[in-house]
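What follows is one structure encoded as structure tokens, with my remarks underneath.
As written, the chain order gives the labels A, B, C, D, E and F, with residue 1 at the start of each chain.
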Amino acid sequence: MAKTIFIETLQEGDRIDELFLVKSARLAETRAGKPYLILTVMDKSGELTGPVWDNAERFQELCQPGECIRVKGMVQSYREKLQLKVDEVTPVAKEETDMADFLPATIHSRTEMAAELQKIISTVTNPFIRKLLGRFFKKGEIWDRFQDAPAAKGIHHAYVGGLLEHTLSMARVADMLSGHYEGVDRSLLIAGALLHDLGKIEELYMENGLIDYTARGRLKGHLVIGSEMVGKVAAQIADFPEELLEQLQHLILSHHGRQEYGSPTVPMTVEAFLLNYIDELDSKMNVLEQLRRKLNSTEMSWSDYQRSLERYLYLNALQDEKTEAGRKEEGLTVRQQTLF
Amino acid sequence: MAKTIFIETLQEGDRIDELFLVKSARLAETRAGKPYLILTVMDKSGELTGPVWDNAERFQELCQPGECIRVKGMVQSYREKLQLKVDEVTPVAKEETDMADFLPATIHSRTEMAAELQKIISTVTNPFIRKLLGRFFKKGEIWDRFQDAPAAKGIHHAYVGGLLEHTLSMARVADMLSGHYEGVDRSLLIAGALLHDLGKIEELYMENGLIDYTARGRLKGHLVIGSEMVGKVAAQIADFPEELLEQLQHLILSHHGRQEYGSPTVPMTVEAFLLNYIDELDSKMNVLEQLRRKLNSTEMSWSDYQRSLERYLYLNALQDEKTEAGRKEEGLTVRQQTLF
Amino acid sequence: MAKTIFIETLQEGDRIDELFLVKSARLAETRAGKPYLILTVMDKSGELTGPVWDNAERFQELCQPGECIRVKGMVQSYREKLQLKVDEVTPVAKEETDMADFLPATIHSRTEMAAELQKIISTVTNPFIRKLLGRFFKKGEIWDRFQDAPAAKGIHHAYVGGLLEHTLSMARVADMLSGHYEGVDRSLLIAGALLHDLGKIEELYMENGLIDYTARGRLKGHLVIGSEMVGKVAAQIADFPEELLEQLQHLILSHHGRQEYGSPTVPMTVEAFLLNYIDELDSKMNVLEQLRRKLNSTEMSWSDYQRSLERYLYLNALQDEKTEAGRKEEGLTVRQQTLF
Amino acid sequence: MAKTIFIETLQEGDRIDELFLVKSARLAETRAGKPYLILTVMDKSGELTGPVWDNAERFQELCQPGECIRVKGMVQSYREKLQLKVDEVTPVAKEETDMADFLPATIHSRTEMAAELQKIISTVTNPFIRKLLGRFFKKGEIWDRFQDAPAAKGIHHAYVGGLLEHTLSMARVADMLSGHYEGVDRSLLIAGALLHDLGKIEELYMENGLIDYTARGRLKGHLVIGSEMVGKVAAQIADFPEELLEQLQHLILSHHGRQEYGSPTVPMTVEAFLLNYIDELDSKMNVLEQLRRKLNSTEMSWSDYQRSLERYLYLNALQDEKTEAGRKEEGLTVRQQTLF
Amino acid sequence: MAKTIFIETLQEGDRIDELFLVKSARLAETRAGKPYLILTVMDKSGELTGPVWDNAERFQELCQPGECIRVKGMVQSYREKLQLKVDEVTPVAKEETDMADFLPATIHSRTEMAAELQKIISTVTNPFIRKLLGRFFKKGEIWDRFQDAPAAKGIHHAYVGGLLEHTLSMARVADMLSGHYEGVDRSLLIAGALLHDLGKIEELYMENGLIDYTARGRLKGHLVIGSEMVGKVAAQIADFPEELLEQLQHLILSHHGRQEYGSPTVPMTVEAFLLNYIDELDSKMNVLEQLRRKLNSTEMSWSDYQRSLERYLYLNALQDEKTEAGRKEEGLTVRQQTLF
Amino acid sequence: MAKTIFIETLQEGDRIDELFLVKSARLAETRAGKPYLILTVMDKSGELTGPVWDNAERFQELCQPGECIRVKGMVQSYREKLQLKVDEVTPVAKEETDMADFLPATIHSRTEMAAELQKIISTVTNPFIRKLLGRFFKKGEIWDRFQDAPAAKGIHHAYVGGLLEHTLSMARVADMLSGHYEGVDRSLLIAGALLHDLGKIEELYMENGLIDYTARGRLKGHLVIGSEMVGKVAAQIADFPEELLEQLQHLILSHHGRQEYGSPTVPMTVEAFLLNYIDELDSKMNVLEQLRRKLNSTEMSWSDYQRSLERYLYLNALQDEKTEAGRKEEGLTVRQQTLF
């Protein structure tokens, strides 16, 4: 059964019979002592919560977080917010579904981004670096995880494919700036852009729609993990120059720019300075883009207070924007050509 | 009399008869009680100091800081550094000289940079902004001063034409990034790049090879001065939209990125975030470039401790670099095409 | 209909028929599915919230935020807090009411404070400064708004007339200290005190009892706005000395004392140092005064944790204090003579 | 023998026969191997250094730091600075001199300041506080040392009588502000002003013109020492209210305003807030006053970079200022009446 | 009536008739308008909340915070948390109970810790210090309060006996390290460890299970209070060397290590450095220990975000741990021998 | 030829014929134009500088930094400091000398410290950790370099053998504290202590008496280098548990305690907290010890201002101390037994 209706398009009064992912389900009790279930479901476009008044215990068993379910019910309004009144829940095998329907994901085609990234690698002139990049970004477990991984837990690019999107965007900017500034080692800078967050595929994991840290991720951090991954693969390439490796690892280790942001060493080479700025730039631009995608009006208006940025923002909607659910069908590639 | 020999090419034993600018001259006294003059002269390639043993008082009168002088003498070595043994000093009228020979200056052609900047202005689509930019960057006092001004007192682009070089480089990067990121108002961002340091032509002045702050510059700062200048000119353009002006002034006022760096407000719009990053990026790249131009070897090596950056740097020389004095004659424009 | 009873004097069991300002009104729903209205009303002495069980939708239309309404109902106690049980709501035309009854306001007479301020201006000896002050503080839009404006959004003097009260108090202290310390330019310091927060009349607006920032206010900040306002008016006064203007603008721009507090330049003149201290002093004293006005006991006791000050405070009530509602009738002027 | 000529009035070519205090004297050696003495002498108006070519070893014995000497010699110019060519040195017994001639000191009459301070104490209404103040500021060792002590080692009021000057100035401001702000406990605030730096008479000592810290001063700090002194004296006053003492000690302990400035607790009472501001204000005003006393021109000009303030200052000379040496004879009391 | 069952051992369905301490009791009202009581009771092992549906007003009178009550009722589960359904409440005289049953307390025997501490004092070789320590840690009010006091309000050792536990643990570490590092004055360091938090017995008070600050504690801080206490007692010991006292007071005043953490002076002696590190070390180890005591599994797992430490922690349960209630009976001394 | 006299024992007038290490030698020129050599020599006890008046150029060739030379000459006093008047310089083959005579070094026997460290390893109970430690601290290049390496460039333990001394001291403290605090994994903590600075053998190098950073050291930092080294060796040990390795690497990576001090992750385990405190403690105690070894008096006195600690220190000499040169002969082992 394919998913056809997405949460962000639902309106009060809609009757539904649709697939969702269970985010959480917990038992509560009415004043009268009768148990009921408070169920939260999600798909890639948002979340919806609502009560299941009958058969609470039985449904709770079906509704394990991360499971796919088929829900029959109705969309109601409660305290000016939509809620889902659930009449019936049926389990659905994950194999029959496309997880991309349920998890928030990049709006760009991962296939096309991957191809673009391969094309950039082919332009790297330093043969050792090109070989090294080839080892990571070719068929295999790392490359598979790389394409699915989010780029962060909760700030920027925090969705399926976010790491790929962020990495590719940075590589494009790195390409531009290595043409603009004299004397930049383009091979090193491109490699830095492509590998700087590599460690995130071991630092973060995504389960049932939630991104969280692995123990290794917290204990070592993605900078050190990424540096180690690069060190191990370089050791398998004959005659990989030691200093080239050290400069590359320096790019990864220093890309947060300051020790207080978690970099054990600060940028000390031209490429390390550039990489740090490109990373900050691209991360912030994604935060702003995510906020703008939720706006309706092309008029400038003030956002809520953004705690992570410690300020209010003055923004308008991205102008040619469509609903996210509809975007897919109409072919994303056209607009994308202008982005990448 | 044209200047033909520059300080950076002098070697021990050279006999000279050449023009210089006086940087400083102060009287000292030998143990035996005889007065002598410690004279420091400069040209665009560097400085040289040395004693004038005879006629100290008479020569001191000629050697006012900022005056042009013709010096006959010899280059000697003293404690492993070169010094100038002065035999004769003659005054030279400033009109007979080209000040560009004496002051450190951008290595790029200011004429070509100015033309490039004009071309960028012509691509700005918002008519109000294009008109506003035209008022500043056309024949007149502001435009004249803009082309000569340094971009800072002592950190980055601290030389004649530095403001123009920094401004143009930022406009080029702004152009690239407004093409890369979706939904950026290119007109605003280009204007922000071109006007962000405009106030520096009133904040700084250059006299006799020394850059310093004006009283107004210290009391108000170039961010506020620039914002005021833009406000005044916009008031002369019919129907200039008030909010457009506020956003433009916000770009100028917030471009240092943080209050502790002197911005009265922090970036709150997409363009303000970008402008702040482009400014930091371009300033730092110039600092690194200046350091690299002083290096000889293409091998990576460690710089002295850089107090302003609080770190050591790992750098090599810009590879196809020539001596600065020789660069001019050979036609700078070729390499420049790759930079801008 | 004149307002006679104020919220801070209400007690459990009171039956009321009184005018209030609507602060907010939102629909909720009982378990049984019946809609009701949660209404919050305010007057200058405080706020009160309560349910409107019947005709929720109809009353919601009347109860737009900022509207005046006449409420019949009863004061009840719910979870140890007073709430308002509303029986009937009737719309009231704003023209029939005195807004000063509804908004929190200075406890001092604005007329008398304005007169006092005029008297201080008349003692300023520098003719240019006296003329400049006259332009701002005379009949006209700026002067009108100045007398109503709050001095801040939520920390100190955050009420109608707060800007006038804060400004006058600072001018009085500036007067004292310019007599105490040798070599202070009294004209400049008084002008700095009177104009330092002038930009707030464009930075903040007050609507329906809520103070918020304008777009211009957030994008430029009241320091820059105030400096611009002064610059524009000075440009209209013949021969206004340029350096005098720069020093005056420096006072405004630097009065927050540190860049991290939003001043683009730090105090560099004797008057700028004094102004910064006087501003901090007067703001903090108002914060403490507001807290003390809410206390009952003349015994010292500990306040709640004050997040904005990051500490607990040890305070007692202002001793000869009366309830605020009663204060007006009895003639405020007596006590005021001791304050100003 | 009375001192008649002061260092700040000396000019090149003056022949002198005058008393000075030895600041330092160290042996050096000419190239030819002959020992000579580099002697630095001081009086209250400044310092002067110069060589003693002959009898170096013998004169060194006479010239112990802190000793008074009679010097015959000549004022010369060396590298554009004045130096003292010493021909003869004779020892002088300290009893025959007035130490006030040699140490930098307040320009105000200590006798008058002491009388003024007594008058202020007599206006304190709280009997316990008045009694406590009386114990400190009456004939005795503490009162004697208080009148001589400097207020700091090197920042503000760093001269004989500086503590008295700073304390009195603060008490005057405290008096003004306790009249201006409603509900201030004037007795407490005046006491806080008078006692806040009391601990400095044990924290600092002045010897031979140099101010330095005592071991106790460094190990405990003048805040804690002062609080202890007050605690001990209060314990000797019958029925001194415990809470009154705690509030008073709180004023002393918190008067640096922030923990990072050395206050173990931050201001938590109205009086503690005021005292902290008054202290910062008065200290900074003295720093500026000292700088202005060294200027000649009434035109505003830029100071050197002030490291302790992290900025340049824009200052002019205090206008009716005279040379310090001459001031005394002409009767200081006239101008003083305007200061205090 | 002795307490036999502790809150941490209760399970759903348990019927109870047991003693508790009232933590809070507040009246609420059902939708139907009937008042009921929300009662929170505590014992040393935890807290439990629940409704008292009947006789709310009557029971509220009995249930004053800090009173002992006997409760008959049942343990229920509500929203997956246990709650207490109260059927009957009877007052209990405090004299009939052992307060140690109700307040969270050190798990170590206070008697044994006190003995251990006495033994350490007997090893102090400096006679003045040993005498001084004897004055504090002997029968008397201070020693009584010392053994009961918590060591902090809410971070570490925040329970009855916590001050004694923390003090003893630090003395043991001080003993070890003074043996390890050459040239440490063991007497001073041991005294510093024993007296560093002495002021807390006046800074904090414990009432009805709640720890809070006294007015003196907030106004002066425990560092200054402790230093004063030591100063007073030393003054009663004949010939107590002044410098020894100053060093000891320095240890107390500087033991927070930095001014921004509330120390008026920073560590300047060998012993002061050591004491500061030992204090930080021991405090943090207690925080971790408290967290580990609440864990069940010996597997490492991630804690919730610890706001006070600004991080997540990776911890396992303390392995040989038993329920706290049961621990007492089985004789704490065995395990304790390994701890102390 | 064996070295018998050490620089710290030299006195004015001594005639010498002794071996030294050349630290630097640079040519200067007398006023008369004659070149002379300014030579600085060192041995483990200090440095001495002096002129070589004759044959300057020839001697300069012999005196390359890092070379051993035999010097005949005399100790003179110049400007109250000792200097060396060199009469003759002869080259000496390094093989004929013992480098330990020339470089500042630990005062403890490296052989004994190494044995002590081996003994501690043998007490580690976790077999994987014991095996891992065995790989590093056994015959081989790493172990050789470890015993010679300094522990820092310029702050603490900055001498030959400093890393071994610091590591062993920390292991001893780790041993003590793992016995004191319940539930510490002793094997992990001991391993953390032994390996925490392992990366320093690649981060720093010592050449001719100067400690400096390697390129790798600056680019990656010793925390990351050490973590990598441990990772590589663990990979060679069959079945080394992955989580054990991660915890061990976490200890190394987090041991600076804060990100701003260069740790990419902060301590999150019990052992990581302890290790960080032990490292800070031991480093500071060494700084104090070095200062105390230079003092003569057992009286407490104030040090110069210590920039790295931002304070003055109150210290006395280590009491039973002897001159360093003489210490060796008398058998260091006795006192050492009490230290380790």
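The working rule: contacts are C-beta pairs under 8 Å (C-beta built on N, C-alpha and C of every residue); 3 or more make two chains touch, one makes a residue touch a chain.
All values reported here derive from a predicted model rather than from experimental measurement.
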Labels of chains that are neighbours to subunit D and to subunit E: C, F
Centroid-based (C-alpha) most distant chain relative to subunit E: B
Whole-Å gap separating subunit B and subunit E, where each centre is the average of the chain's CA atoms: 64
Averaged-CA centre spacing for the pair subunit D and subunit C, given as whole angstrom: 43
Intercentroid distance (Cα basis), subunit F paired with subunit A, Å: 48
Two or more partner chains touched - positions in subunit F: 215, 218-219, 243, 247, 268, 300, 312, 314
Chains touching one another, given as label pairs in label order: A-B, A-C, A-E, A-F, B-C, B-D, B-F, C-D, C-E, D-E, D-F, E-F
Subunit F residues within the subunit E interface of the complex: 169, 172-173, 176-177, 180-183, 243, 247, 266, 268-270, 273-274, 277, 280-281, 284-285, 288-289, 292, 300, 310-315, 318-319, 338-339
Parts of subunit F lying in touch with subunit D, wherever the complex brings them together: 78-80, 300, 302, 312, 314
In the complex with subunit A, residue positions of subunit F that touch it: 215-216, 218-221, 223-224, 227-228, 231, 243, 246-247, 249-250, 253, 258-265, 268
Subunit D residues touching subunit F - in the complex, by the definition given at the top: 26-29, 215, 218-219
